[in-house]
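Just below sit the structures, each encoded as structure tokens.
What follows is a pair of complexes built around subunit A, which joins subunit B in one and subunit C in the other.
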Partner chain A sequence: MRNLLDFYLGQMRIAAVTQLQYRAANYFYMIGMVAEPVVYLVVWSTIAAAQGGSVGGYTAGGFAAYYIVWTLVRNMNIVFTPYGWEWRIREGQLSGMLLRPIHPLHGDIAYFAGWKVAVIILWLPIAAVLALAFRPEINPTWQEVVVFFIAIWGAYLIRTMLLWLLGMITFWTTRVGALFELYFAAELLLSGRLVPMSVMPPWVQELSAWMPFRWAFQYPIEALVGDLPTDQLWLGLGMQALWIVLAGGAALFAWRWAVKQYSAVGG
Partner chain B sequence: MNVIRLWLNFVRVGVLGEIQYRVNFLVQLLQSAIALATALIVLALIFSYTQTLGGWTGPELLALMGVHTLVGGLIHMSIQPNMERLMQDVQNGTLDYALIKPADSQALVSVREFRLWQGVDVIVGALVIGYAVYQLREIFGWQQALAFAAALGCGAAMIYAFWLILTTGAFWFVRMENLLELWQGLYSAGRAPVGIYPDWLKYGLTFLVPVAFAVTVPAEAVTGRLTLETLAGAIALAAALLVGARWFWFFGLRRYSGASA
Partner chain C sequence: MTVIRVDKLSKSYFVPEREAGLSAALKSLVRRKTREVKAVDAISFEIGAGEIVGFLGPNGAGKTTTLKMLSGLLYPTGGAAHVLGFVPEKRERGFLTQVTLVMGNRNQLQWDIPALDSYDLQRAIYGLDPAGYRRTRDELIELMQVGDLVRKPVRNLSLGERMKVEFIGALLHNPKVIFLDEPTLGLDVTMQRRLREFVAGYNARTGATVLLTSHYMADVEALCKRVIVIHNGTLLYDGDLTGLGARFAAYKTISASFDQAPPALDGYGEVMSTDGLRVTLRVPKAETSRVTARLLTDLAVVDLTVEDPPIDDVIEKVFNSQAVG
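Coming up: the complex of A and B.
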């Protein structure tokens, strides 16, 4: 256990220090990412204004708060891409990973978690600029702030597990593009990334309640921006834990099965 | 004329290379279908709340979406692969091989790659525009068709010039891959008519990054709201950017010192 902790701290430190070296590269990446929520924000504030002030319970200021916090949660959602498995297999990276005494999932979780530390630091000025430009309405309680800070890491873990699971398909076929795109489209619509679920038709909201996506996206945003009742605020963390265990278990199971398919390339 | 012959030759080689991988066509078709379905769902959601968005009706915004898809297809088919290869060549010093060929260097680096299957988006975009035009047939005539062709040509020229200027920056900065991410983000802003953005963003998307000219202006032509002044401005700006990009290319080339230096 101590060893594992040391491994995590070391890996995270390496990632954070490395990524802070590439500030310009990270900023290009993050600014490119900001365009997406700005489109949504402008479109939905325009509609809210035309609808007499609000859509799905969100005013223009509410949407501004939602989509600004969105940018941080989106960054927390960046994990090892399922497209990356093809590269790992083709380049023989995987052979090296299999030789280590620690499960490769730990390596990914730790590395990207360290990167997040750098991302959060780099994100603060972006959030400040967006807040000046779009004037969000936000007044969280201390309790909401605490839950938010736990929930963004919960979101990170849920998405890590889900995309690991998805990436495992690469062990059987490399024609995965369309399948991954389908997954990302479902995620876009059902997670709250496109719009808060309250804007969606009721049957979509119903559907998303049974899926993990919103716990990795909308829930952390709502925890900070929305007015969730106290019990729902804390219950959300429980739902996150549940999905981490379910998706993580499935990912580990799929991994054991997938590795049996693997015959080394290069090394 | 030489440039066109050169381009056609590279297109032929590119096509021959890609038709060996026919399943990739299916994969691309599925991906385009997923992207189209997602975009239509978004439009349906928007228009379930409102009749117009920033003065654009449903069919008009559909035309805009079609233009966005079509231009995106053109970029992925031809402009972006060439510029990516140029960036790599500058990094690795392999640009030498292009420079020693007896052809105009700018023309050569701009035509070497051609991704046939990415062209699926061009067709999908054209079909969407066609459907939107059918719905807008009351206001769509040959003037609109002509204006659309002109505006689309200008937009494509501007995006090419813009990419070439950015990529030429590789002679100084070497590592430019993240520009791709930045570009993709900014281009996605073109999915909404630029008129609904706050001023600073509207002017940024018009003059800093020519997304407005590439997507909104051709869509304005389809929907009959393009003024002659805007079209004239687009033509002038496209010409200026092309000339500027050419000058900057040769200016940057002087910094290039080759593989062995």
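Coming up: the complex of A and C.
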């Protein structure tokens, strides 16, 4: 266990150091990441103003809070993508990972977790600028702040496990871009990334509660900016834990089969 | 003590196959044809502790596939392999902490950071004791003569420098079995020699077992007493490097020196070279005694040597031979 912790800290440090080496690239990346929520924010604030001040319970200030926190949660959602598996196999990177006496999933979790540390440092000034520009309405309690901090890492783990599971398909066939796109479209609609789920029709909201996407995206945002009752706050963490176990278990099970298909063509 | 035991080890792939053109592409949408390719076909051998064995064969012979099966990267489709008593494809921690695979032109260290940072991560991955790790690392850095190169980002190193720091990273955990797949590929002659010396020294010092593939016969001749030759996935030869010529060479070379310019020697064999009063002939192996006797009888020979052809020529002949296809 101490070795694993040692590895996590080492890998996270390397990821953070690597990421911070490219300051300009980081800021361009962050600007790109901010463009999407700013578009949503402007559109929904305008609609809210046109409809007498609010849409789906969100005022302009509520939308501002939602989409500013969105930028951080979106970054926490960045994990190793299924497309990356094709590159990893083709370039022989996976061979190097398989030779190590540590499961590659640990490597990915640790690397991207370290990367997030760098991203959070870069995100703080951007969030401050957005807050000055859009005046978010946000008054979290300490409990909400604590749950939010746990929930963003829960979100990270859910998405890591889900996309790892999806990436396993690459071991059987590499041309699965269409399937990935379908997955990402469903995720976009059912996670709260496009709009808060309260703006969606009731049946979509009901459906999203049974899917993992919402717990990896909207839930952490709501935990901080919404007024979720205490039981809903803790239920959300429970749902995250459930999805981490389910998706993680499925990913590890699929890995055992997938790795037998590995042909190490790239080295 | 046997360290590597391979018993009828096989690996097959099914590859899609179709004719060129649009109609063939459309047909393949409905009915896909596949062909089984046997990359490795029931090979067996054993390697003892501390041996350095050359694993030879032309491109596509199955060398790298075998190495990947032995290092646990690939699952065999038949037969079995045991390395240090472990089944490689299970990739148990006890196995992975005792083996390493170095592939020429493949970079396993982190590209954007100095090798030293990657080495520290290796320490954590293998759970190495910090003091022992630092001692091994510094020893390897000194042996490889890389000095401050380990403090530069890996992407700023030349190919040869990268291979040296890769070697260090691959050996930090003191592996007992080392698989080397074309480790000197693309390196200049000096760098090749330095890596060879390093491998020989490491083997002598630690008693590690080494299985090496290389297309550079200089690597094999410098390091390996024993070679295993495979072709089209099957084992052709397993024995001393010196015995390879005796087994596969269909001819020998006769070098004869004369005290005066000899007449044309075409009637004795194929004249390979003439250097002053010294002539080198190539003769069929079965004819060697008879030609030698004729030369000594017919001409004023001062000195005469009979040799197997150079190992490069033998290997080329083995690879090109239809008989082994």
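In this text, the second predicted complex is superposed on the first by the 266 of 267 C-alpha atoms of A that agree within 3 Å, B and C clash if a C-alpha of one lies under 4 Å from a C-alpha of the other, contacts with A are read in each partner's own complex, and residues count from 1 in each chain.
Note that in this section a contact is a pair of C-beta atoms (placed from the backbone, for glycine too) under 8 Å apart; a residue touches a chain by one contact, two chains touch by 3 or more.
Quantities reported herein were computed from a predicted structural model and do not represent experimental measurements.
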For A:6, decide between first (touching subunit B), second (touching subunit C), both and neither.
second
Between subunit B (first) and subunit C (second), which does A:141 come into contact with in this model arrangement: first, second, both, or neither?
neither
Should A:262 be classified as contacting the first partner (subunit B), the second (subunit C), both, or neither?
second
Would you check which partner chain A:81 touches, where first means subunit B only, second means subunit C only, and both and neither mean what they say?
neither
By the touch definition at the top of the document, which applies to A:188: first (subunit B), second (subunit C), both, or neither?
first
Under the stated touch criterion, name the partner, subunit B or subunit C, that contacts more residues in subunit A.
B
Would you sort A:35 into first (subunit B), second (subunit C), both or neither based on which partner it touches?
first
Quick one: is A:230 in contact with subunit B, with subunit C, with both, or with neither? Answer first, second, both or neither.
neither
Once the complexes are superposed, what residues of subunit A are shared between the subunit B interface and the subunit C interface?
none
In the complex, the residues of subunit A that touch subunit B are 24-25, 28-29, 31-36, 38-39, 42-43, 46-47, 50-51, 55, 133, 175, 177-178, 181-182, 185, 188-189, 194-195, 199-201
What part of subunit C is in contact with subunit A in the complex they form?
13, 68, 71-75, 89, 91, 93, 96-97, 99-101, 103, 106, 108, 110, 112-113, 117-118, 120-121, 123-127
In the complex, subunit A residues that touch subunit C
3, 6-7, 9-11, 14, 17-18, 21, 92, 95-96, 98-102, 259-260, 262-264, 267
Within the complex, which stretch of subunit B touches subunit A?
23, 27, 30-31, 34-35, 37-38, 41-42, 45-46, 48-50, 52-54, 175, 177-179, 181-186, 188-189, 191-192, 196-198, 200-201
